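Take this structure, written in structure tokens, and hold onto it; I'll ask about it next.
Every chain is named by a letter (A, B, C and D) in the order it is written, and numbering of its residues begins at 1.
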Amino acid sequence: MDKTLILRGVRRCSTGRFLAWLTPWTLLLAVGLFALGLCLVRGLNQTNMDNRFAFGLWIFLDLAIIALGAGAFFTGFLLYILRKDDLRAVINSAVVIGFICYSGAVLVLMVDVGQPLRAWFTFWHPNTHSMLTEVTFCITVYLTVLAIEYAPILLRNRQLRKVPSFLVFEGELHKVMPVFAAVGAFLSFFHQGSLGGLYGVLQGRPFAFREGFAIWPTTFFLFILSALATGPAFVLVSTWIVSKVSRKQLVKPHVFSLLAKISGWLLIVYVGLKSVDTLVWLNRTAPQSGANPVQFYAWQPFATWLLFVEIVLLGLLPALIFLSAKRRQSMKWLITGSLLACGGVVVNRFVMTIQTLSLPTLAFEPFMLYWPSWQEVATFLAVVAYGVILYSLSFRYLTLFPQERELQRGGGAS
Amino acid sequence: MIPGVYEFSWSAGHIIFLGIFYGVITLVLATIVVASFRSLKSGRAGRAEAMLWHLDFEDLSPEARRCRHELSGETRSRECPNGFDCRRCAVHPQFLAARGESADPMEEQRIGGFLLPADRSYHRGHTWVRRGDDGEVTIGLDDLGSHLIGKPDQIDLPAPGSRLAVNGTAWELLKNGSSIRVLSPVDGIVLRHGSPGDDWMLEVAPADDDLSHLLSPSEARSWMLREVERLHLSLSTGFAGGALADGGVPVDDLSTEIPPGEFDQVCGLMFLQP
Amino acid sequence: MKTNVTRRDMLTLGGGVAVGSMLTPAPWLLLDDLAIWTQNWKWIPVPPKGVRTSQKTVCSLCPAGCAVEAGCVGGIPVALRAAADGAPLCSLGMTGHHLAWHPARLTAPVRVAASGGEARLTAVPREAIVREVADAMRSQGRGTIAVLDFRPGRGVSWAWRNLLAGFEGAAVIPAPGSPGSGLRAMRGFAPDTQGEWVPDLDHATAILSFGAPLADGWGGARTRARLMDGTGLRLIQVEPARSSTAALATRWIPARPGSEGAVALGVASALASADPQIASRCEEILPLLERLTPERAAEIAGIPAESIFEAAQMLLDHPRSLAVPGESFAGGRFDPTTELAILSLNVILGRIGAEGGIVTRAPLADPVDGAHLAPMRELDETPDASIGVLIVDASAGEEPLPWPSVARKLAPRALAVALSPFAAGSSLHAGRVISVPAYLEAIHEVPRACDVAMAALSISRPLLAARVGSADPASVVREIAASAGVELEGDWSSTEELIALRTAQIHRSGVGRLEGGEAGSPDELRDAMLEGARWTTEPVYHQIRMSISTEMAHRLATIEGTRREDLVVVPRTSPDAAWSAVLSPLFTKLHQESGLRREGGVAVVNPATAREKRLRPGQKAVIRTAQGRVVARVEVDHAVMPDVIELTVGPTPLALGQSRNRVISNSLDVCGSSGTGWRCTPAAIEEA
Amino acid sequence: MVGEERVARYGMVIDLDRCNGCGACMTACAVENNIPPAQPRVNERTGLTSMRVHRASNHRGFPDHEEVFIPISCQHCGEHTPCMSVCPQNAVDVNPLTGVVSQIPARCLGCRYCMAACPVHARYFNWFDPEWPEGMERTLNPDVSVRMRGVVEKCNFCHSRYQAAKAKAAAAGSREIDPADYVPACVEACPSGAIVFGDLSDPESDVALAAKSSDAFRLLESLGTDPKVYYLSEREWVRRLGGADVTRDSLEVHRG
């Protein structure tokens, strides 16, 4: 019945099956929204965060999904600024994913603060020395940019394009899109960094504190790099998942290997710098602040293995996979590599947020762990569900993969 | 944020940082404003139709976008950059020049079972244009088009006096639940609707006499061959192959034969609507 | 000139105004003020407004009776501070003004029905309860009559004794184990002495203290101060745990709980062998002391013998030295034999009546001279199942008490009535509670506890109007008397009048002096005391020769048989919880919101013990004693002696102001057995 | 206008050898600053204790086991104060005249970044609505407003008392406040007089002298945040507790 909404020439499952697919996610969303409501109405005592674990699951996952969402701006950057036209095949999908990641993150942040009503104070009494101010500023603006980038994709829908005013607006937006891509890239570079700075500047936390260049600690630059490196990997992996779920070929294979190649080079640079930074920190920064770096890894369950996993297993390994032209030809390797790379950035964000807080600073304080409450988990799952639903709708009714129909005709011909 | 309010005061940091931030915001807003302003303007200028075609043309598959001179074998593969409006094309005149005088066949021909009368020129959206005696032209669906649609469930023609633009909407059809826009082959003003007896749909007073963007009957031949092939390929079922390949007279309502699941797509393909 | 105003003009004006106002601070100030608005939601409590006044009174929450200066707003105290030149108030004193609003506060007499370990309260008219008590007293059918007095020495205490005077076997029982409840065992040496036997700590230069919490105020503020600045006072602390007193002591002897008697005799034997003169004072027990050598004692106590010799040496070296048994918070006093053993050290050293030794303290004047009074009797001297009518007077505060030790004394079908401001502590055990005013709601007397040589009396003046539904304890005594047809002596009808009579008596007697005040007439004396002045006496010294009787020797001999229990449970609580059944809700800061103090019902054991008994921190464990069983959360701490369970007693959530459930039972109930106190009880523990 | 008034550096010296962990400072702090009592679900990790007494030990077995009580409030860091620089909306304020670090609750949005930044965990978040048993709100301190749910709070050296002292001085027509008039609640309440409070920049003051003692140390001094709260102890192992090189002794894992 919704056939007239679907672009001609693409195959989509029946409305019934589509609804069946949406139902569980909608339920999840409902439960999550309930939990979210609890946190807003009854307050953050609904979570398991505490004075020591001032940040918990939410901040960790926010940082993670924002890093993964970097695929959006980076692909845009490569396409519009560096003119890598092959990436046109994934840019729409990347933008939608970016939009989902950022809007989700912002949503969770709104619940995470104790007084959401006062969120706007940051724009009113900004403390320009705070990394969080940079983050707030950039993320809000970049979310607008993403929304604008999302608009044309939406307006190109088969029915919407029939509305003349939409049509012309879309056309005009399309013309100025490079401006937004540029702005978006600028903002994203900036706030990915600020998110890193968030922890790097914590002088009171020897485990997180890093020296820096100018006003920014090294984590500022490492976060940018790791985000850039994993962004394409995540685009790759998400595209692959979509094509598996929808049982369709969506982009030409060489796009995949291009993404992997980009990711690989950035990853190897990142791993290199990260290792240098870690060594400097272990041998200079931490001792200078009177800390004994060995103690950072003295506590189970977070021991040195975590460091190894973060840098070697989930950093170096995928880089090597991506950099070998032979492996890049095999989808299996591409996916393994991408998953490892994405895992790497997630673990990195975990270490910066959770491990930092779990380590004691005072000699007589205990090491602490924390487990999120069901409200925290549900709230986050709501965001996931929201993402899946929004993406499914976009995929069904909008053109996320321009090459899809072409490839399909090719399939039809053979 | 306002200096003096609750002893707030600016520092260099504020100026730089807030400068950048609010600069970016202004840029974003400005761009949106510009975009909407320009869209308003072009909306007033009624460029919507043109843009729609522009969009659609972009979304067409490459095979659908071949240049007419590739079809006629005058050049190796070339994709049309002008949205099938040869009047805007730089190279089209050269091809015509190179072609020299070749008289159009005077008798009608049958390609893949579809008639191509020689007294008219053809549009790639399966419409034709026939010059009348006193300047006005008549427009109608070509044989493939009308076979494909058969008897439409509904048809709405533009009121007399309304303006047509090349590649804009000529009229719209409804058939088997899928709506089809028939692209107009000419610029002009609608004079009259054809009565059921006629083979034409609209009588139009053309804006100018230049119909060079349309296919001459001789070009139409190779084009129609390609179209039949595309139609053929687009159908997963074997029947069309059988009926059409041998040039036998096709069933006059193909739509009844095409599997309903594919009809909409076939129409999109033939009438150049993604 | 045309003057008609077009719409356009209006719009221009509006726009102009809008733009113009942007150039004034007004809109920006308003924006900022939104912040303040969000800070003032209606459900956020607003501090009181009103006239500020400052009032003087005295803290009646514990016998220290600190002078208090109360800052009030609109007549309601909002801040309690020590009066000028007084020592700072303790946590209990600082938060005393919260108690009147404590969730456990009773505003009407109630009947308590225990169901499933929880108490159900139903309001009943006071007259009904009074009549019930009076009838029971008259009929005598159920058994003897007793009053359990948590704050002996008040005018009301006198009124109780006067009320019971006419009844056969009736007696007033001072609540056992309240800190500073006196050196009861001294009566064995001189049964017919007037007044109480007390340690003259202020003048002692060396103290051998058996678990006396000197650093927490036992023995008066002065002893504490001397300990703090660590000069001039030598202290050897015999205590199983490294308490704050032990930490300040010159030497801490970590003797196993229950072995204090042995340690005392060990010291005695060291003294006897060191000094023939001393030996001559203890012929009766010489054979015992020869068997119970310092080495033997040290072995029983699990300590090096040197520390026993050191203690003996200290007592010998200092002419003004003494040995004191001190009650522990929640743990109460030692069993009579141990107390005897400890006090006999002073006897054989000849420190009785000497400066810095054990002296007698003149009793406070009664409101009415020569009235007929029922005797005072110790709880463990009361025969089991004998009490038919029990009145629990917790009107001025109460200490933790294992209710079974009281219940044991009750006859079947006994009637128990409590006077208390709160539905907490022992009043929940009594079947009926008469609600009385809380601290600062009524006048209270604060007689000095028996751990200081100087008798003293202060008066706590009310700052708040008493809640409706709470009755003055003295008038309750009157009502009972009237209803029971008993003639009370003296002309009084309220606590206030009792106090007036008493201060008059004190003034007439002429002994003692007024700290921080002058008093020419009885009324001046009373008024001065209402303003926070304290009446106090000086100790009188006259050396008394005493010796250990044969009967005592027999009792002491039992100590030799002290055997080492393989696991004992020792109750612990905070100094604050030791004085009041309820605490200000703000005590959650100490007990719940920080790791500073443990809440009630926690079993703390040494890691070695935990390993041996296979207990993990945080898990629940069952503790079994002769008294019964209790489930407690296990914590592991090096500070606890091996083979000892430190069982924390209160505060319960109820005492902390969370009236989620009125749990009656209390971990203290598993402690103790007949006649020996509940300081240390053999126990078994296993994971629940 | 800083020039006109004398610039003070208020600080504390806490003698750990005198502290016996009675907790009077915590109670006094709660009473003075209208800090609400805990609700049933509150625990050690979600409590509100602007002044908090920690227990530490020498980790020896009985009877050599020794405990020390360490009262920790905001340390009022003087050098690049960690919490101030991170607050996104200037809700943390360092008074240039007193050096006191204070939280502006009305401006705090409760992002808790400052709590992550604080090395001694002296900042607390209002996880619950402030509630007192019925009627008890009439005993609140009229000089301090109650903080709402969802904002961060901390020790500000009893700012209301500072204001009162200033007012008193002003009434007497002087700019200088009499040290006797400005004493935080915890200092006033300590029964063993373990806490000395005063102006560190006045070399004659008791606090300045005590801070110079050889037994004096500060918590996490090596982080370079120049805390204005000093601690005293004659015991070497206690002084070592101030160091940032966390020893593996305190190795219990507390699960949330």
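FYI, a contact is a pair of C-beta atoms (placed from the backbone, for glycine too) under 8 Å apart; a residue touches a chain by one contact, two chains touch by 3 or more.
Here the structure is a predicted model, which means the values were calculated and not measured.
A.B. asks: How many links in the shortest chain of touching chains run from chain A to chain D?
C.D. replies: The fewest touching-chain steps linking chain A to chain D number 1.
A.B. asks: Computing the C-alpha centre of each chain, which chain sits at the greatest distance from chain D?
C.D. replies: Most remote chain from chain D, centroid-wise, comes out as B.
A.B. asks: Most central chain by CA mean?
C.D. replies: Chain nearest the overall C-alpha centroid, as shown: D.
A.B. asks: Comparing the two chain pairs, does A-B have more C-beta contacts than A-C, or is it the other way round?
C.D. replies: Most C-beta pairs in contact, of the two: A-B.
A.B. asks: With centres defined as the mean C-alpha position, give me the chain B-chain C separation in Å.
C.D. replies: Computed value for the inter-centroid distance: 98 Å.
A.B. asks: Using the average of all C-alpha atoms in each chain as its centre, how far is it in Å between chain A and chain C?
C.D. replies: 62
A.B. asks: Determine the centre-to-centre distance between chain A and chain B, using the mean Cα coordinates as centres, and give it in whole Å.
C.D. replies: Computed from C-alpha means, the inter-chain centre distance equals 41 Å.
A.B. asks: Measure off the straight-line distance from the CA centroid of chain C to the CA centroid of chain D, and report it in whole Å.
C.D. replies: 31
A.B. asks: Which residue numbers or ranges of chain B touch two or more of the other chains?
C.D. replies: Expected reply: 1.
A.B. asks: Can you pull out the residues of chain D that are in contact with at least two other chains?
C.D. replies: 43, 46-47, 54-55, 57, 107, 129, 148, 252, in rising order.
A.B. asks: Can you list the chain C residues in contact with two or more other chains?
C.D. replies: Expected reply: 32, 35, 38.
A.B. asks: If you look only at chain A, which of its residues touch chain D in the complex?
C.D. replies: It is residues 43-45, 48-55, 112-116, 118-119, 121-122, 124-127, 129-133, 136, 198, 201-206, 289-292, 295, 298-300, 356-357, 359-371 of chain A that touch chain D.
A.B. asks: Given the complex with chain A, which residues does chain B contribute to the contact?
C.D. replies: Residues in contact with chain A: 1, 8, 11, 13-14, 17-18, 21, 24-25, 27-28, 31-32, 34-36, 38-39, 42-43, 47-48, 51-52, 54-55, 59, 61-63, 177-179, 233-234, 236, 264-265, 268-269, 273-274.
A.B. asks: Over in the complex, which chain D residues touch chain C? Could you list them?
C.D. replies: Against chain C, the touching part of chain D is residues 18, 20-24, 26-28, 30-32, 34-35, 37-40, 42-44, 46-49, 52-55, 57, 59-63, 65-67, 69, 105-107, 129-146, 148, 188-193, 252.
A.B. asks: Mind listing the chain C positions that touch chain D in their complex?
C.D. replies: So the residues of chain C in touch with chain D come to 35-36, 38-39, 41, 43-50, 52, 73, 76-79, 81, 87-91, 94-95, 97-98, 100-103, 215-216, 228, 242, 244, 247-248, 252, 254, 575, 584-590, 592-597, 606-608, 617, 638-642, 653, 656-658, 660.
A.B. asks: Can you check the complex and tell me which residues of chain C touch chain A?
C.D. replies: Counting only chain C, the residues touching chain A are 31-32, 35, 38.
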